[in-house]
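Below you will find the structure I want to go over with you.
Naming follows writing order (A, B, C and D), and every chain is counted from residue 1.
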Amino acid sequence: MVERLNGLVPEMMLLTLAVVVAVLGLSRTASVRRAVPVLTAGGLFIAAWLALGGRDLPPESAGFLAPSLSSPLRAMIAGIGGVLALVATGTVDRRLEQDVESGKMPFEPLRASRGEFFAFLLLSITGAMLVASASDLIWLFLALELTSLPTYVMVVMGRAGRRGAEASVKYFFLGAMATAIFLYGFALIYGGTGSMQLADIAEIVSNRRSLEGLDMVTTAGFLLALLGVGYKLAAAPLHLYAMDVYEGASASVTAFLGFVPKAAGTVGFMVLLQTAGGSSLPAMVVTLMWMLAVLTMSLGNMAALQQTSAKRLFGGSSIAHSGYLLIGLLAGPGEGWAATIFYLLVYGLMNTGVFAVLAALERRGSEVEQVSDLGGLRQSHPALGWSLVACSGSLMGFPPLLGFVAKVWLFLAAVQSGHIALVVIAAINSAAGAWYYLRMMSMPLLGVAPSDPVEAAPSPWPARVAMVIGLLLLVVPFFADDLMTQTREAAANAVMAFGN
Amino acid sequence: MAELVVPEVFGQLALGHYLVLSAFLFAIGLAGFVTRRNMIVMFLCTELMFQAAVIALAAFGRFHLDLSGQVMVIFVLTIAAAEAALALGLVVLLFKRQPTLDAEAWSEMRDA
Amino acid sequence: MIGSQLLSLLVAAGDAAHSADHGHHSVHFPVGVPTEGLGYAGLVLALPLIAMILNGVYAISGVRSKLPAWTTVACLGGAFAVVLNLYLKADIEHPVVVPLFEWINLSWGTGSISAPFGLYLDSLTLLWMLFVTGLGTMIALYASEYMESDVGPAYCRFFGGVSIFLLAMGCLVMGDNLLTLYLGWEGVGFASYMLIGYHFTKPSAVAAAKKAFIVNRIGDLGLALGIYLTWMHFGTLEYAKLFEMLQVDGAVAAAQQAMSGGWEVSIIPFLLMAGAFGKSAQLPFYVWLPDAMEGPTPVSALIHAATMVTAGVYLLVRTFPMLELHPAAAPTVAWVGGATALLAATIGMAQYDIKRVMAYSTVSQLGYMFMGVGVLSTFGAAAHVFTHAFFKAVLFLTCGAIMHGFAGQLDLRVLRGLRHVKGWRIVVWTMFYASLCLAGFPIISSGYWSKDVILAEAFANGRPLLGGLGLLTAGMTAYYTFRVWFRVCCGPKPDDHDLAKMMGDDHHGEDHHDEGHSEDDQHHHHMPHAPKWAVNLVLSVISVAAVGSIFLVPEHGWLEHMVAKSSGAAGVGANHHELPADAGFWADPHGWMKYVASTVGLIGIAIAAWLHLLNRSAADRLRATLLASPLKVVVRAMENKWYVDELYNALIRMPLKIKGHALHMIDRYLLDILVVDGLGRLPKMIGRTLSPLQNGVLQSYAASMAGGVILIALLILVLPMLLDLIGGVA
Amino acid sequence: MSPLLLILLPLLSALAVAFAPRSAAFRIATVSTLATLAISLAIAWNFGHWYDDGFGLLKEISWLPSIGASFDMHADAPAMWLVLLSTVLMPICVIGSKTAVRERVREYYAWLLILEAAMLGVFLAKNLLFFYVAFEFTLVPMYFLIAGWGGSNRAAAAIKFFLYTFTGSMLTLAGLVYVAWRFAETSGGWSFDIPALTAFASTDLSAAEQFWVMLAMLAGFAVKVPLFPLHTWLPLAHTEAPTAGSVVLAGVLLKLGTYGLFRFVLPMTPVGVVEAVPVIGTLATIGVIYGALICWVQEDVKKLVAYSSVSHLGFCVLGLFSLNPSGLQGSLLYMINHGLSTGALFLLIGMIYERYHTRDMNRLGGLVATMPIWSAFMVFFVLSSLAVPGLNGFVSEFLCLVGAFSATPDNAQWPGLLGPWYAVFAGTGMILAAMYLLYLTGRLVWGPHRAPPADKNSGLPTDLSTREIGLLLPLALMCVWLGIQPSGLMRTLEPSVERTLVAYPDLVPSQVESVAVLEEVTGG
């Protein structure tokens, strides 16, 4: 039991930090309040580092996924979470802080929500990390909920006004429905196997499959669980909320929504898929994954093609990328998951970069949303313009950007597992999606600047993050081999630990 | 002594009955969620779906003579409570902005 | 030695005459062997090249003198001197190949395509090059005066074009393989294009130039395909190797090749023929040549009368052994030649523009030459090429002199009495002599001798109908030739007023050839100016050459000797029959043809004299009468060149143009907008039909999601069961 | 000298140009492209494999060994020639843009330099992923060149260009990934090494696999070539692109497609190719005639030349798929020749456009009267494009047609699956080329002079300036040289060509037999 806790040091640290942050946010000292986001980010980076160290812990310290797999996953979530925290700087309480600073009004803790916001952010990230160390269905359920529940609040808090509220309504209600669906699925899995322990379930499933075939109850349970968790991934058909919510939330929160729940969902899928058979999934699950992947990427791209709002557009893009992730998940533990993890990491960077650019811009204090608002960004904000170009190009999968490397690996893994048709469909989808990415690439460089120019947001962090990510996307592909090798090793070690 | 002939179905409550009940409950919840526009009712419908799962979990736990099902029930109830708090907070917030409980009033963002 | 070889020729010829349907006439002729030490032969090509480059330099540096002309004349004269030297040193019995440099040389495994840039110097080459360079020099000299009003960049351009032509013609004639020939072939086409389009501001000239090139290209495609097939079948393009292969076993070789190669081989001669017909303006490609008269007259004389247009004849004589790869090849050539001769003659009779008459007469005479090749008389063809080159050059040059003197007037209804105008004597009388040659006036005209050979061979070769056609054409030729001469040179003496009228205040746009008259020249156009020394000298020299050629033409003469040792050997004296001693007068066509052809020619001249000299208004009356009669269709058709241009336009050009437009529309709208853009937009369009799903309403999202989940779950869970059920039942 | 320099130098110069002062951009770009040319010449001079089928310039640069990607480089003789073609054309493009491009010059030259690096990468790549990266990456600079400095309809043209080629090459990527996987199955690790994959694919893939892989590769390369009916992006892109863009597009970018066919499709999937030859041959032939006929009715000179590329590249593809050395060598030579002559034609048109701001042949004509030097060059390059013997175009066109002509199944040494009919129909392209090109010169060079008033601000003389002559003259000299002395070049191509074709002589007859057997079976 102690080993188990040893493995959860980062999460425990983050929980503590959440409390600390919530309190510090109420401090009367402005500099303390201002330190909250940085503290959050710093905590997350430390947590990431700690989590990475968990690779070497004994297997008992991790959950169902072997430590070699869960450690990097948790580190990745925490690391990118730290970046997301930086992007979220200046999202909440801006008006309040300005008023306080200008002396219009004194600081009133009752009205401040910065601390809560970052506390929620930390909680959600902790939830996502906990998904990776789930060892039973209860844990998985709780971790997933811990990921989701704070995000509902963050959507509302992140953006004052109707849009934030509307986004929150949709996100919350539909999320509750999806939770009910996978919860019911969990119940059926439990019913079919008689165990909550994922390891036991996996054993029962594999035994049963080799004897009389998997019973309907368990199968149905897996189907419902996967479909429901698909909501976190924005996998079709549970993707419909995504664009509305992404549009409604503030850009920094959208960046968060684009990564943390998705990472949780992806890891959740890994857990469930590994339970259902790992590299040799039941035919019905394969069919499901196949359908989900095709539907998700196609519907995402087709939806994105329609958009004039940059946030909705990237919402669609985010859906499409979930489709690609699903291909990797289907490709199975080992090469497939290694590619998936790498893709998730790269996607997290690209997605964060794109929304960081949006978060770094504003027009008279309100968000920049339309694609056309980004016209001529190269002239007004060169670094942001080029970052957007790099991120969009990378999302398109354009060589030699990082997105391309990730995509090639994903394709390789998928072909290796025999899903050639999926690769071809993904290739066609990439081509179809290229249109809107191309638009996002050419708009900052060639587009006409709007008559009502955009200006930089007061917080420097989103812009800094965008620039760094833009640069990373350009540079990392040339030095990514170590990272990829380690990812592959982690996946391979996990396969060995699973014993299949 | 004429034995009381009780139809088998009613003779004892088997797992199947609980599952059927749970399925019905889930279906009702889902249908309600899809059809009702009042946000409070919609939330209650999600609660209904949760309870359906809870019934199934409890029944399965009993069936397998395993406590973990019922342990989970407790957690689910906790989560449901948290969600309820969240939902009510949200509804209040929304009602302040727009004095209606109609979910359809919140459909500004969509594809053109 | 010579006697025995002649005997073998006769035997072979005898075979030929008796077996007209399979003509195995291959006889041994010497094949070129590579030689060292003749590298200076390359000067024949180098000198025009130098002239071309110098002319370019002059053009850029803005030379405004006659320097380009003198440079060109000097270089071409030098080339002529080199050819003469080569001729004098050459051993006709031993042709040589002079390798210059490597051009195309590919090899892989056992196959190869090799087209070295080398010269094949045999008697045929030398024969052709002698008159090509000789005439080239003379005509360049003539042009130095003729083009003098254009001194400046245009002058450079003109002489540059002439130099390119000589260079290309040199490659064509002297090249030692079919690809070098093709190089020259296209090169002369380009030179012709540049020179026809010399007056580039005139749309008609530009159009004519374009037409010439394009029509030639059609023929060139045939030639190119012929070359491909030759390479495929024989594995080489070099004459020396080809000839060796074709005469491995004398006459049988060609037949064997034809047998072994199948249809691909047997169409080689037809493809080569297509090229020849294009370049030499034969049916159906002759239409470009009359239009080519848009070019300055020296060009017409040099390129479109004397030299370039005979390239087709050269090609067929050069590849004469290949003509035997199919028995129908030679007859085809003969009939196309005959038909062209007749058709062009009929058109020539009805034209009023003297240069155009000459153009059609060129087409017609070229027809004779092909007839000669076709009736297996390469000697006749070559002889006619040779004589024709001189007298037709004279005719064109005199036409040019007239045009130059009379401000572009070429209408024979307007011009008259040139005989009486001062300073025109040499023009009038050289023209007279050249007309005699063209008309085939007995004994004293060179054309008489060469044409006779062809006509006689036609009869001897068993083609009396063709010979008859040729005779009819000869009569027509005599008529229209002298129609021109009588009209232009004879008639009442024109006074100053008449001359001014002739200077053409009223000439028509179409016949307007005003080269040599730029705007600043126009103010003194009221009096014709007689040619100066260069023109007169050139006319005299070429006329003397025409007279001289009489002595080279007769049988067993120099010309026959030159052809007999070349690839055209099989067509030399092929039809000299061993006549029985008691054979009558009519048994030997070579005997009676002299008389018959003379008679026909004289009749033609007589009719011309009646209509155009003695009774000058009779022609108009005759025309009026004919136009009133049912024959008017024919007359109109002849005057309108049988509407061939219109026919081609309607049948080939317009449909292609329409296709072009249609394809452009298809490309733009069907392929690009409908298919490509349509496919490109498909995802977006499908997406749009799905976007009602994204209607922003919570319930409908919930419904879609729940529906989707249920649907997928059902599909996966229930469908396999259903399928199992169905499978079980089945 | 390292081939890496060839790629790094333009890339670094692009960076330098981007951050240099505006006024220095042109100078840096000029010096850089000239330096690249000098380096490429030096490399070519020391290249050791001109006369054998080996690959030189080996340079191994590790990239992502975990998925088999590397920046390994090598080059054989054909690749070297194409490298030289690119490095020759680039200074001409840069210098040719001096007066044409006046706005956002830094970006413009930076994109041009990046484009150069990408093109050279394509020809030097020894790793398929490197090749693919470079192949794709050419799209970005070209996209921005068209969309940023193009004509009035530039956005649509650029997007179509980008998406069309991108779509095709995504499928190519799928095909390549498949091959890599099959290779990994036997060798145990990811590798995209071109020689290894080529050797593997040609022997170890089944007929069906080869066919599908070929189709996938064809999807990318045929669009790039462009092969009828996948050509519709080309006229649009050409018409809208700035002059230098058009020159590079016609000169080098189209060759990436044919180079891909030569380097990958032919040697990797012989069995698949053999099945597709008749179809591709037919499409190429149709393209020749179709493109030519459309050229003939154009009013816009640039569009005419653009469609002429469709027609010309048809010859090139026909030569490639004749599967014999003459066709292949002709085709490779055609790539170089087309680059020179069509590139020059676009330059010439650009020069006119700079002066008169129109390319409409109804408004321009008889330019020889005012621009004799321009006209002389125009006529010269038209002749080159017409494949007049003595100039470069002829040799390659001749060899392509000979190749197609002799590619009959009963050809003893190099059996092929085309034959005389393909050559005959494609040969009509010769006539049609004369029709449209002389139509072009007839309208533009000859005829009565007509032109809108020249742009006073262009700062250009009426006729060509020394700079412009300096751009055209080297091209003209190369055209003459390649027309008169092609053998030297051809000899260097031959070994590589034979290596490429090594599988075919045995393959074609069996294919013919199997078809014959099939026909017997189905017919009987």
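Quick note on the criterion: a residue touches a chain if its C-beta (ideal position, glycine included) is under 8 Å from a C-beta of that chain, and two chains touch if they have at least 3 such contacts.
Predicted model only: the values in this text are computed from it and were never measured.
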| item | value |
| --- | --- |
| Most central chain, judged by mean C-alpha position against the global CA mean | D |
| Between the pairs C-D and A-D, the one where more C-beta pairs touch | C-D |
| Chain C-chain D separation of Cα centroids, rounded to whole Å | 37 |
| Distance between chain centroids, defined by C-alpha means - chain A, chain D (Å) | 43 |
| Centre-of-Cα separation between chain C and chain B, whole angstrom | 97 |
| Separation of chain A from chain B, taking each centre as the mean of its C-alpha atoms, in whole Å | 28 |
| Numbers and ranges of chain D residues touching at least 2 other chains | 163 |
| Contacts with 2+ other chains: residues of chain C | 680, 691, 694, 696, 698, 702, 706 |
| Contacts with 2+ other chains: residues of chain A | 169-170, 173, 177, 181, 243-244, 303, 306, 432, 435 |
| Complex contacts: residues of chain C adjacent to chain D | 56, 59-60, 101-111, 113, 117, 153, 179, 182-183, 185-187, 190, 193-194, 197, 200-201, 203, 206-207, 209-210, 213-214, 217-218, 220-221, 224-225, 228-229, 231-232, 264, 656-657, 659-661, 663-664, 667, 671-672, 675-677, 680 |
| Residues of chain A touching chain B in the complex | 136-138, 141-142, 145, 149, 152-153, 156, 162-163, 165-170, 172-173, 176-177, 179-181, 183-184, 186-188, 190-191, 194-197, 243-244, 247-248, 303, 306-308, 312 |
| Interface residues, chain B side, partner chain A - complex | 19, 22, 26, 29-30, 33, 39, 42-43, 46, 49-50, 52-53, 56-57, 59-61, 63-64, 66, 68-69, 71-72, 75-76, 79, 82-83, 86-87, 90, 93-94, 97-98, 103, 106-112 |
| Interfacial residue positions of chain A with respect to chain C in the complex | 169-170, 173-174, 177-178, 181, 216, 219-220, 223-224, 227-228, 231, 236-238, 240-241, 243-244, 284, 287-288, 291-292, 298-299, 301-303, 305-306, 432, 435 |
| Sites on chain D touched by chain C in the complex | 160, 163-164, 229, 232-233, 235-236, 290, 293-298, 325-326, 329, 366, 368-369, 372-373, 376, 379, 383, 388-390, 394-395, 398-399, 401-402, 405-406, 411, 413-414, 420, 423-424, 427-428, 430-431, 434-435, 438-439, 442, 445-449, 484-487, 490-491, 494, 497-498 |
